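In the two assemblies presented below, chain A is common to both, partnered first by chain B and then by chain C.
So, the complex of A and B:
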């Protein structure tokens, strides 16, 4: 029974693919399970992992947000510029708080529009993301900041530990912001599984009318998921700065699509109501293994997008095929049921 | 008589210019099973939504435990002990049984965190209370409608409920499941809980109700004890007219010719060795309980399921029906069970819904659509089927259930079918429109020599309109009868005998 349950779970299959894929890469290149590759891979999970956990809540609630990379970008430039202009020298945490507040505000705009206008959230967030991009370009007049203010510069080199592979002599460091990812995943996981708010998000994604009748405040839940997604987006924006040591306007280009894909790949239904944070995280891991490690198989990086795309389509096809074929079949056996009942009757 | 629990006095409600409720009254006593009946659109649902606090009334008051409330809100109504089980049951298909049962209650108790152990405990207790066993960890979306219904009931008794309102709870249940439901309802009654039971199935009303109230066109027509009322009186209260139907005898049928014949048709898990032959001018009825395979048979004949073996002949020529497109080409039409999800494009206009199945014939040489002709065709059907509408361009949702179903019928008739398969054609259709549809089907058989296959669980519908009746049970045909040899109690017995 337990095993059957496991086999039904999407997470199981994603994990299986990750294990098989990493074993294949290891077998061919011998470089997957090296300390520096694993550290690099983990480091590359930080930003997409955080964004995905924020977006995950939005998707479970039956909505979609394509504006979060632009929220991250706006927060990144706004905070960095502010520190630059004011010559701020205090602790960097203020910057993260500021980014969180701005991000939450931008997310709330999405949420309020969604709850109030009841428009498809794809359209709303397509509109707001262009506004956020325009604001960054027009008002902040930013496209690149290469010299960071002091508090951020200090964080760039804040590593937890460093490793060096004996075989390749390549060194890698685990940046302190991995803690942000861990905390984000834990908090989102807790909210979604152990709070009424989280269950409300699932409920709204499953059937908004039923959720309203049950007494959930559907509008508030909508506003919450977008605000949370924006807030996480804001923090992620600043995290990216401390990871790369600069600000660039094209940091998050295309992120909206890859992150959505990762969340869906991790087992969340794009129509809402199902999925888990753990699955979402696995989805991100899988995406990153493909985009970072295919090169170890001798597949040039130019092909990684193609592979990612194929993987997404395959992933979605499997569940879609299940649904379609189920529709054309009689699932519960009428003949057998009846025979059993008749036997019981006699 | 016991104390009055709830009294709705002179409640009115308008939507735009439409009067949904016009000073209606409803009185429910403590521990009473009260049936609210009426045709679609008579205002039943509106009143329920006012009692549950979903709508605010424009006039009148609600008295609950002798306290007057000009209007209620959702939480207030729950606090007072009113629980509504809506027709769609308002369950969450994506969540587990345990969570579906316990969540609303936890929310009502203003909990912020979820204690999963507690959730399971609550759910287990609720299910035990009504004596039902459903696995707690099952995802509700995969369960049968009956189980969903029972989950909704289990959920509603968790509160200190004084009144449980059930909106057409039996519409998708088998007889056995209805019995189970009635047992639960009677148990709740013994505990002093009042039940407001909304239904339009007369036999059920007589079976379960202490008292009944009839609404028609937003007005209270009558409220009295459920004894000493005849079927005819009841129909008169509901429709305001007396309706008499005669047995259909297929007097113009040509029994030497075969129009639609099925030989040894099988569907994996669905049915086995189905054989029948419909002659031109005949209406063949197939009836059986929900889950007997009747819907699966209908869907297979129209190519929605693929038969695992067997043969289908049209006019003695063997044909393959693997997809609905095949069926269309062979002039087989299908009026589905659920017009809302299978028969209509709900966001489209009446006109577009009418022409959709004929779009091929409306194509001009240059591949564009001849809308003018489409509208003419539509107008023809609107007239001959008596569809009541304001304008062709209006959305299909502006029509009542009966008129919507006539649109589905008209759409298929426009394809000029030789064979018409109808699966529960009058589910949720009011008695007047039902009568119109029956008459039209008879006319089609008699005047157009069509072969009509009527699949339904509505005993009187089958009995009155089908000259031959097949009984399907657990995926097998168990008997063939002439309608004139049967009456409704005989037919009922034939359908249920030998089944659990």
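So, the complex of A and C:
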């Protein structure tokens, strides 16, 4: 029974693909299961993983957000510039708080517009994302900051531990911001699984009208998911700075697509109402393994965009197919019941 | 005269757009000290707006059907690139003018075939597999653009035979740009399809209520697929216009057109939830947007970055105004 239930779960298949893929890469290169590669891989999961957990909530609620990479970009530049201008020397945590507040505000704009206008959220967030991009480039006049303020610079070199592979003699360090990823995943997971708010998000994504009748405040839930996504986006923006030691305008280019792909691959239904944080995280791992090893898998980098497209389409095809077959099952059950009743009447 | 005013009363949206158009024109003329309202500037607007306009017509069709077509930019790029590559290979050297024009027509048809193949692909994903239009076109646009990037390896297709550039820059009687004529032809065809054919009526039906149209005997799958095919064809035409304008083809030419093309539709009164929208509104909206775009470039101190900011703000503002005015109307 337990195994049967496991076989039905999307996460199981994603995990299976990840294991097979990593074994293939190990077989080709012999360098996948080395300490430094695993640390590097985990490091590269931090930023997309955080963003995906924010977007996951938005997608479960039946909406979509393409503005979060631009929120992250704006927060990254705004906070770094502010620190530069004021010559701030205190603890770096203030920067993260500031980024979270700005991000939450930008996300709230999306959420309020979505709840108020009741128009497709893709168009709304497409509009706001051009505003955020224009603001960053035009008003903040930013494209690159190579020398970071002191507090951030100190965090760049804050590592939890370092490893060195014996075979290749390559070293890698685990950055302290992995803790952000873990905390974000835990909080989002807790909200979605154990709170009324989480139930509400699933309910709104499944059927907004039914959720409203059941007593959920649909508008408030919409505002919440976008605000949370923006807040996580803001924190992610600053995390990226401390990871790479600089600010660059093109850090998050194309992120909206890869993160959506990761969430969808992780089993969240793009129409809303289902999915899990764990699945989303596995989706991110899968995306990263593929994109990190494209060349190793024999795919030139020029074709990487094609790969994300194919992955998105494959992911949604599977979930669309599942939805259709589930519907068919319900209909056939109803038909069977009706036939049974008719037989009983006769 | 009476019939005109009756017509205008019937369509308050057109009146509003005409008003915005005049205000934009007047505002830009005053702001530039009269240098905007010149024959040359107007001709430039007329020359440039079709690139965006033809693409937006496809976006409009998808929106009326209750979806959205984010592939328009990618299709324009891919069709442009493939057509230009074909143009380079099949154009004979020192060909006479009739032969050159013939080759150009072949290229145009080839581009439209590429567009319709892309349309079949996205249309099938949406109608037969049942993926929401937004995600299907988002993924498909990555695939199509990915092909374009992969084929060109990120570089541009240069040294095209001069006929394409000459043709796109051609002005009928020395006044009317050929691009405007192409836009008029496309807009006319789309208007005819929407207003005079059963197919057009079915698109509106699907956009208003998918279930109802299905149970009234409309083949939703077929109509939707066809909608995205037409959208693809229109996008490919605009891609070829773009290549003619820049005299080369690249995989990132169309990139900046996505938000404006959605903005044009929303400004034109097309309902993003489906079921509403007219070609006449589109014509006004696209001219307004091109005027703004050309007008901004007259000011040295407004960089392209602010253009993004302004497009986004206008898009959000127009959506708010549309929704508020519609709700007020509904309350009455």
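FYI, the second predicted complex is superposed on the first by the 293 of 346 C-alpha atoms of A that agree within 3 Å, B and C clash if a C-alpha of one lies under 4 Å from a C-alpha of the other, contacts with A are read in each partner's own complex, and residues count from 1 in each chain.
Heads up, the rule we're going with is that contacts are C-beta pairs under 8 Å (C-beta built on N, C-alpha and C of every residue); 3 or more make two chains touch, one makes a residue touch a chain.
Everything numeric here is computed off the predicted structure, so don't read it as measured data.
Judged by the touch definition given at the top, the superposed model places A:138 against chain C, while chain B stays out of reach.
Once the two complexes are overlaid on the shared chain, A:117 sits against chain C while remaining clear of chain B. In the superposition on chain A, contact of A:89 is made with neither chain B nor chain C. Looking at the shared chain after the overlay, A:250 reaches neither chain B nor chain C. In the overlay built on the shared chain, the residue A:274 is in contact with chain B alone; chain C does not reach it. In the overlay built on the shared chain, the residue A:206 is in contact with chain B alone; chain C does not reach it.
Look at A:196: by the touch rule set out above, it reaches chain B but stays clear of chain C. In the superposition on chain A, A:215 contacts chain B only, with no contact to chain C. On chain A, the surface touched by chain B in one complex and the surface touched by chain C in the other have no residue in common. Of all the residues in chain A, the ones that touch chain B in their complex are 5, 193-200, 202-203, 205-207, 209-211, 213-216, 269, 273-274, 328-339, 341-342, 344-345.
The touching residues of chain B, counted against chain A in their complex, run 52, 54, 74-75, 78, 84, 86, 88, 90-95, 99, 103-104, 106-108, 111-114, 116, 137, 144, 267-272, 291-293, 296, 304-306, 473-475, 498-500. Interface residues of chain A, counted against chain C in their complex, comprise 64, 113, 116-120, 122-124, 126-135, 137-139, 257, 260-261, 264, 270-271, 300, 302-310, 312-313, 316-317, 320-321, 323-324. On the side of chain C, the complex with chain A involves touching residues 68, 125, 129-132, 134-136, 138-147, 149-150, 153-154, 258-259, 262-263, 266, 272-273, 303, 305-313, 315-316, 319-320, 323.
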